[in-house]
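Please read the structure below before turning to the comments.
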């Protein structure tokens, strides 16, 4: 039982991103910072444990959980049927609209406009899975191992467009990169959930309880204000 | 009881049978010379006696103990049987003294002072007491071969095997090695020598063994065999050697 | 007009002057033997004639064309001057026939059928018509050297240089090569040979050149020079060679 | 918050280089020890051991280090063996290193003349004693240059561990690239850091080799 | 943790795997042909009389041999676009492999050339052949024969090293494994199968190269 272990050892091991601003990226001291990190810290505090942050990539975060390397995934994780077969999800803790972004020079208003274009996406992310469902095979999808790769590929012009979260694109825009990821269209509203190992009932209850409390007492809203510069959506 | 007794030794390399049933006995203190044409199996037989070649069939008895061909641990045998090679095979990274001391230390587990004393004694016996600290590369071929003899002697074997130990030497260095062997023979060491030095064999050995095609086809006192060979093969071999 | 004319050839290796001003002329059809002690500069002189050694001073004239030491392109010279080496230097990855054809193809740009015909003819001349497809590793030393001669001949040089072409051969193979050279001489080929085969030089050559210390100190008809050497050096050299 | 100066980039990369060095040292030392064991198995006069060692070498030289890492990192836990990026990286690099070193050293052992084995056999030494006292001391001398040369491959091999999230130079390089949008500069610096680590090793391997040849 | 292996789930991804294997093979073939070509040219340059050229090639060789392939790959794919040099990921992968193998094979082939007896060169010169002709027809063949085993090992190393090209989204074999495990969450099966395929490829490539070497370069080699 994971909860038992956490309370006994007083350590909460959380998989967080370090290549996915504003959810998680590195500061000049190489320490992860962002929405997910603050959420993890919040959870740990409520559980009376110390937080141990484990940087992961989109592609490998699920194996981290299924192989027991971490207790939770707080890594802008979207929910889908495939994932629900192998892990459990908490209530949503962050908003996330994924969409297709790119510089103004590239025209793309609907999914159909993607035909013949090169789109970068992070392998195994919700964007990857959702986009793969709706596009035709005329779209040239490049799947990168992690968001570092995806973003680098977009910024260096190796792909014309990038599929990612709206807030991620916003965070990049904020840093005035050489190529601007402006919104083309949104693909899916897929809020972020915390991932847990299967059959960890007590831990799931605990996490959901903490999230519910955080939503009411405004501590989650504070995190949203800080990282997304927007209030927490009502429907979350 | 003979010190070395070989019965029906057989050995093949692949399809080629090199030893075709060899019987031989050597008594304590005997000095035996093995002669024969190149390829007749002399080296193979000698190497079988201390287990460097694993025989296919037959029994080797040394000092009353049997070594049957399937035996795995040859250590006991090798402690009783010393061997000196044509190519000296000194350990190049060790000095003469260390060459002699190595096996005393790691195999016989002798203490340090005894090891040193034994090595000094063995080197003195081959006339190289003063070369204790010299490395093989600093020694002449004849000196290297004498160190090799000392190295075997120090292990106090019951019998010493020598395979053409002078063949790799320049002619002027042959005698210094032969005189060491002669001294050993005089002191009563049991020796089995493969040699092409016929005059030496005649003078020093008690027993001559003539190998031909993987078999011993004549044996006896050297003078006898040389002067009255009873097979045409030996007669031809003697003629050939003396013509040189 | 002489075919080969060397004037005041000088060559040093570092501080050591190996050729100290050599003059020599060879007429068309002449067969010249160069003799002299080891280190006297014979090979260096021979190698200078086709530019394998770049001379420091002097002029080499072959077939009327000058090669001055600063010249870069030696190809024209080398097309006129063939060379056979002590160590055969066959190309190991090519068959005998291909060895002969290679330069015809890439240097003379001959067509395929002519190349093949020329190679077959050259190999036939050295008695190896039947070894066209054999690789060097499948040939004896004598056969390899004959292929090397054929390879040079096929290029139809004006003069052929041979540097101790029998020295690397087993004694029983020397004659097969010498008889090829003898045949070439009889057919009128211009030859310059460095050789230790004095009897051969005497029988086959028109002219003998004796080198000593980087200079030609005697030259003339072989019989004359051998029988009445006019310098003590040649007398000593002849005595030395004949004592062997 | 995310303004990286050139110095920030370089200092972070250099700090990460510590882990590259540490991992290299661990892999090299542990790989050396494991390689020695594999070597013993490979040259021991025991056919099943030889076969096993051959298989081991074939396996780790015949598959990508990346796959070995993935298996050590994601697959071993399924068998109940816990692995952190540290341990997986160390384990995979050790296996990789040991296979190559065992093969390099086998060549050196085989360069020791057969007569040395025979002479020591005749002095009643067993396999272990022969290796320890006669063969290895001689093989060691010729093994030094290629071993130092191979250490370069180990240092470079650590770059692949970035893919399982081990925060060495390459990983930190990718992270900084994403924070600074300066891939040309960052990867250029990363390359230079590796060069600074590896080139001295390459040079000394060459110098050692020359010395060995001169000594012969 | 009780884990039940399920290799059958990989069946659905057979086309992905086939594509991955084909890409890996394609990368290897292209990388080998061009890389060995560069190696031959580089070795020729290193043994030429042109000093600046020799130094330039020497610097290239040392630079490549002392930096990781992954970093070279990142530099080419992510770094070069800053200079306006942009290429698709498969081209970047091939370029990185070619540059990498080119450096190693330069060094390997040069060792073979250095082992050519001087007499061979002199014989060629005496037949009136030019420097390049001597290199092409006399030196190269035997030198390649001598170093073929070493070159073959290096080719296998480069093929295995190509697994990191998945990092720039080249869809080769390890990309296939990663892709599969990100869809079916069965990392062990995916990686195990991919590893087995790599092993088979390595054995196959080595066998093939040995046969090719025998046919191309072992003509006339001494028959023992």
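Think of it as A, B, C, D and E in the order they're written, each chain with its own count starting at 1.
Simple rule for what comes next: contacts are C-beta pairs under 8 Å (C-beta built on N, C-alpha and C of every residue); 3 or more make two chains touch, one makes a residue touch a chain.
The model shown is predicted, which means the values in this text are computed figures rather than measured ones.
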item: Touching both chain A and chain C (chains); value: E
item: Shared interface partners, meaning chains that touch chain D and chain E; value: A
item: Contact pairs, highest-scoring chain pair; value: D-E
item: Angle, in degrees to the nearest 5, of the Cα rotation that carries chain B onto chain C; value: 170
item: Cα-centroid distance, chain B relative to chain E, in whole angstrom; value: 54
item: Whole-Å gap between the CA centroids of chain C and chain E; value: 46
item: Interchain centroid distance [CA atoms averaged], chain A/chain E, Å; value: 38
item: Approximate Å spacing (C-alpha centroids) for the pair chain A, chain B; value: 81
item: Multi-partner residues of chain E (each touching 2 or more other chains); value: 1, 78-79, 81-82, 166-167, 181, 187
item: Two or more partner chains touched - positions in chain D; value: 74, 77-78, 163, 174, 177, 183
item: Contacting chain pairs - touch in the sense defined above; value: A-D, A-E, B-D, C-E, D-E
item: Chain D contact footprint on chain A (complex, rising order); value: 18-19, 25-30, 33, 55-57, 60, 63, 67-69, 145-149, 151-152, 155-156, 175, 177-178
item: Contact footprint of chain D on chain E as seen in their complex; value: 1, 3, 62-63, 65-72, 74-75, 78-83, 156, 160-161, 163-164, 166-167, 174, 177, 181, 187-188, 191-192, 194-195, 198-199, 202-203
item: Residues of chain D that touch chain E when the two form their complex; value: 58-59, 61-68, 70-71, 74-75, 77-80, 152, 156-160, 162-163, 170, 173-174, 177, 182-184, 186-188, 190-191, 194-195, 198-199, 202
item: Complex contacts: residues of chain D adjacent to chain A; value: 1-4, 8, 12, 15-16, 74, 77-78, 82-84, 163-165, 167, 172, 174-179, 181, 183
item: Residues of chain C touching chain E in the complex; value: 50-52, 74-75, 78-79, 81-83, 85, 87, 89-95, 102-103, 106-107, 135-138, 148, 151-152, 155
